[in-house]
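Paired with chain B in one complex and with chain C in the other, chain A is shared by the two complexes that follow.
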Partner chain A sequence: MILYLLRRLFLLVFVFIALSILAFSLGYLFPGNALQNFTGMTDIPAELATQLTAEYRLDSGYIQQYIAYLQRIFSGDWGLSFASKQPLLQEIKILLPATLELAAYALLVSFFVGIPLGIIAAIKPDGIVSRIISTLAIAGYSIPVFWWALLLIMLFSLGLGWLPTAGRIGVLYEIPHITGFMLADILLANSQHQTEALLNALRHILLPTIVLATFPTTVMIRFTRDSMLDVWEQSYIKTARAKGLNRAQVLYRHGLRNALLPVIRQIGLQFSTLITLAMITEVIFSWPGIGRWLIDSIYQRNYPAIQAGLLVISTLVISVNMLTEILHTLFNPLARKR
Partner chain B sequence: MPLLVAAVVSACQPQLPETVRSGLVYCSEGSPEAFNPQLVTSGTTIDAISQQLYDRLLDIDPQSGELKPLLATHWQVNDSGTVYEFTLRSGVQFHQTEYFTPGRPFNSDDVIFTFNRIMDKNHPFHYQGGGNYPFFQSVDWANLVERVVATSENTVRFELSRPDSSFLSNLATDFAAILSAEYGAAVLAQGQPGRIDSHPIGTGPFRFKEYQKDVLIRYYRHKNYWREQAKPEQLVFDIVPNNARRMAKLFTHECDVVAFPRVAELGLISQRPDVDVQESTSMNIGFWAFNTAKPPFDDARVRLALAMAINREAILQAVYFGYATAANSVLPPTSWAYNADLPQLPFDQTQAKALLAEAGYANGFSMDIWAMPVQRLYNPNALKMAEMMQADLAQIGVRATIVSYEWNSFRRKLSNNEHDSVLIGWSADNADPDNFFRPLLSCSAAQTGTNRANWCDANFDRLISQALLTSDQKQRRSYYMAAQQYLAEQMPLLSIAHSQRFQALNSDISGIEINPYGGISLATAVKDVK
Partner chain C sequence: MARFRLLPDEQQARSPLLLLWREFSRQHSAMSGLVLFILFFLLALLSPLLTPHDPYLQNDTLLLIAPSWSEQGLVQYPFGTDDLGRDMFSRMLMGARYTFGIALITVIGALLIGLLLGVLAGMSKGLKSSVFNHVLDLALTIPSLLLAIIIVAILGPGLLNTVWAIMLALLPQFVHSIRNAIAEQLNQDYVTAYRLDGASNWQVLTRIILPNIWERLTVTATMALSTAILDIAALGFLGLGAQAPTAEWGAIIADSLDLIYVAPAGVALPGLLIFTAVLSVNLVGDGLRNAMKKRREN
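On to the complex of A and B.
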């Protein structure tokens, strides 16, 4: 097991090195001056430019430059954003929690909605309920996320006026930034209007969560259903039934545990799609997360920000992938032995 | 699930905290450049900061356009019109915030500090933020005002180098906000002089709380305001550059007031019972300026020919949707100096062709039309306007190319006079007609780069300077009449339209009026709590 973890860790380090080489080379591949792309400063005066060139090792070979780049990444000096002139790491620290919060709620919804629906659909595979669930799953899987978001906004915000269209909380609520996770910050802020602020934040998060959860939920439904059906055919299920366990006991003790294994693996695989969809969702709902920021940076040709954003997001995706892989192995004795 | 239901139902819950219940959300179209009105010209910034955070010495009555006392209770002018003495209001308090506690009320030191920053190159803050004071430079402030001195703690004397009848009006503009000298000394002692423009302290109805770039600006009520306290406890400027999104936020009541609804959608908005539309005639002009320093635009006949070739009536309909008055002069008809006897410029392409031939361009020529990339009151859609003009110009053999850049580069390139011609405009800051002539078309404006026609004409400059030397309105009017006549002959720019200003707001909001002379004030806004 330890050997397995070490192997995974080694792979992670290797992938990170590949990613950082890519991010580093973007400093040269992007238009403009490499010094500007790395520092994020424009109009650098001549004497400062010489000093920075030495500091960034831009006068030595590419390998030294890359090592200096890695050192800066680990020491937290990520350069400035062209647009705001603020340190990039600072900006990302503020934005990343918003994206993680949204993605986490969407994943939770997809668990608590997708898995039960998948099981129900598997119980009677040819029944009417199962067919309805499968149809909805296919529809949800194929609907373009921006169109779905606009439909929901049209209905619930503009038509019925129930839910807001943008942001994380009503702008009149002043919530200090502590963790960056809105609901946690409201609880930590300890104001006397906590309940109102919490309800307001929930109203803001409802639509984006539904939109973002749609795709992973449908994936969950289909995988849980297929894997349930698979497991149901196994001989140990028949044995358990023959031993006299009732349907619910078999389902819970033998079926579910085995059926959910491939589903856990799916989370890792779907995470990159989830982050991509989160970017679109963030743009539509003006959600102040890293995805919207990255898209804005692309429009503004904010090269240092694109570089840093790509590195953060891809590292995040790879790490989550690895983590679910490890979880999958932990829960699956067969894979552990390999 | 019960939590979600509760969340949806809470939309109509009455138990809300005071800061939220009486708080006002104004959805604006862009981020401010700075929090000091002296440094900026954009209407977006002025709307967001000037009237909310600061007071001026004088105010303009929005109805009559006359000057009213504000921080100065009264003022006297000597006979030659070169010395103005102001008596200042006592007991006016500056904002108390997390970053500054005022130790004394407003006095003459603050006035001197404020105006010396603009004109004294040795002032510790003069070069803070670049040393540019665009409005004051356009009215030649540094050469006009010789010095500002305190004659006592609450009297101030301005000594001018020559009489200038627009002086008081300029003091009443949103740009002439009074800063705190005590706060200036404090940020200087902290070694962070830049904070004076990013963390503002003023005497206005609201105090600054926070600013998140491209997201929001948050103000709270100034508890020790010298006038009646502001009605909203909290004021938030929600920054929503996208027009459609701003409208959506109005309909979902996330915004209480929305700046600049698109004129194309006014019909749709007025159908809704929960939303009102306010309109007001505004002192502005949208125009097409020729770079008169570049051939062939240095020839008045060419400029006239181009002007005559444009179908302005069609533009009024297609670009302004009829919500604008056709312009015949740079001055709007509501100004007291407007020349109603000016002949109407005909839309006559045959005559335009003849004029071009006379100037030696019988076969036409190629030119650029620069169209600004943003929506402004005076020109809601410059690109569309440019396309229509392109078609009109093709009729007289002039091949026009439309050029546009991102807004900041656009303005920078304009100041360098890289353009052939440009579609842009101007919103007045005060009721004085001088505010339309000097910042737009004088030689000093050509030097500072705000004269889009790059036009420096001695005759014209003499006329508008003479108009400033007297305070007799009749005499001034005759000079301005002549100046308008001269402009109509020289045509450095083609005046297109005076647009109306619109604002959409929830019908439970009252007490807001559109000020025709600059920034909006939100201190009197009342939210009718259900």
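On to the complex of A and C.
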């Protein structure tokens, strides 16, 4: 196990080096000159330009430049945004929790809805309930996320007027930024309108969560169902039944434990799709997260922001990937041998 | 199976492909998916011949006509016209060519490159294959939209540029699945037997491995196709892919978004088409997977 972890760690380092090389080379690949792309300053006076060139080692070879780039990344100097002239790292620190919050709720919904539905669908694979669940799952799997979001906004926000269309919380509430997670911040804020603020925030988060959760939920349903059907065929299930365990006991003690193992792995594999969908969802619901910021950055030709966004989002996805894989190996001794 | 049979019974005498088709055609959902898929395919091929009006012709006497099922609609314009007087029906038909057709081309491109790289990775051993896999793992982690954003930032927006991005995003899953399939095949006894007969790597690959993995490849390709359609539409909607006058379904939705109260059909119909196209692909993919499973069981 320790050898396995070491190998994973080595791989992680390798991947991060490759990622940083990619991010570094973008400074040259993007239009405009490299100094502007790295610093994020659009009009640099001549004397400052020479000073910055020396500081960023742009006059020496690419390898020195790359090392200087890495040093800046680790010391927290990520350059400025073209659009707002603010330090990028500061902006990302404010934006990232919003995206994480949305993605986390969507994943939670997909667990608590997708896995039970998948299990129910696997119990009687040809039954009517199973067919309905499978049909819903394939429909949810096929629906374009932006259109689905528009439909729900049309129905619940514009048609019925039940839910707000945009933002994280009503403008009347002022919530100090502590953790960046809206619900946690409201609970920490300790103001007199706490309950109202909480309800308001929940109403704001409901639609985006439903929209974003649709895809992972259907993936969970399909995957849990297939995995359950696979496990149900195994001989140890027959053995357990023959020993006299009833269906529920077999399901809990032998079925679920084995069937849910590949599901853990699936989370990691689907996480990058989830982030793509989160970015689109954020644009539609004006959710102030990193996805909307990145898409705005492309409209504004804000190259330093795209570079920083690549680093942050890829690091996030790689970490989640690695974490789920390690968890999968931890729970599944069979996977450790390889 | 222990009983010796000189002539196998009728069921088993059929070719694997025919058996697959038997299992596939038994599933109603898969068959309806296939019919829809063929319809979309024909539409993508023939749409310039089928459109009743020029999809880009602006007619300022016929702005925002309602669809023909409403009282104000005209029968010549089944889905009405948009705010520039362009016929929505023709634009929808043309959209099949952009969204569905280009997605198909993207997937075929990714499949061919993936086949090449996957074979190289699967047939090689040791350090070369290990380094290769790790580079792939990195590519797998960059979300497709982020990849598209980076490519658009470098090359500028446009349908073709996003096609590269989507191809690049699809590539790792192809290479992974091909490499795994080849690794599985190489462990089979019949490969060893064939090698003992003196077959070269190339012969093993073309005579044994490829015929055995192409069905799995088709399933992977259908999954990739549904992703590609959704990605092209999403990028068109965000304004990064197909640009404004192009009749791409996602771009049409973005165009009609500001008129959603006046002409909701402009948002509803292209979305429905994207949904149907992806659904047909997924139904075919699921049907194929089920049919392969059933055939193995028999």
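As a convention for this text, the second predicted complex is superposed on the first by the 337 of 338 C-alpha atoms of A that agree within 3 Å, B and C clash if a C-alpha of one lies under 4 Å from a C-alpha of the other, contacts with A are read in each partner's own complex, and residues count from 1 in each chain.
Definition applied: contacts are C-beta pairs under 8 Å (C-beta built on N, C-alpha and C of every residue); 3 or more make two chains touch, one makes a residue touch a chain.
These numbers were taken from a predicted model, which means no experiment stands behind them.
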Three-chain arrangement built on chain A, chain B and chain C clash or fit: fit
Chain B versus chain C as contact partner of A:Leu26, first or second or both or neither: second
Which of chain B and chain C A:Glu196 touches, first, second, both or neither: first
First (chain B), second (chain C), both or neither touched by A:Val145: second
Dominant contact partner of chain A by residue count, chain C or chain B: C
Touching partner for A:Leu11 - first (chain B), second (chain C), both, neither: second
Three-chain overlay, vertex chain A: chain B-chain C angle, C-alpha, nearest 10 degrees: 100
First (chain B), second (chain C), both or neither touched by A:Leu294: second
Touched partner set for A:Leu206, first chain B, second chain C, both or neither: first
Partner chain(s) touched by A:Ile318 [first = chain B, second = chain C, both, neither]: second
Partner chain(s) touched by A:Gly170 [first = chain B, second = chain C, both, neither]: first
Nearest Cα pair across chain B and chain C, whole Å: 5
Residues of chain A at both interfaces, chain B in one complex, chain C in the other: none
Complex contacts: residues of chain A adjacent to chain B: 84, 153, 157-158, 161-167, 170-174, 192-193, 196, 199-200, 202-203, 206, 286, 288
Touching residues (chain side chain C, partner chain A) in the complex: 134-135, 137-138, 140-146, 149-150, 152-154, 226, 230, 233-234, 237-240, 250, 253, 257, 260, 264, 267, 271, 274-275, 278-279, 281-283, 286
Partner chain A, residues of chain B touching it in the complex: 3-4, 6-8, 10-11, 13, 15-17, 19-20, 23, 25, 209-210, 213, 215-216, 218, 234, 236, 238, 240, 245, 248-249, 251-254
Residues of chain A defined as touching chain C within the complex: 11, 14-15, 18-19, 26, 29-31, 138-139, 141-147, 150-151, 154, 272-273, 275-276, 279-280, 283, 291, 294-295, 297-299, 301, 303, 306, 309-310, 313-314, 317-318, 321
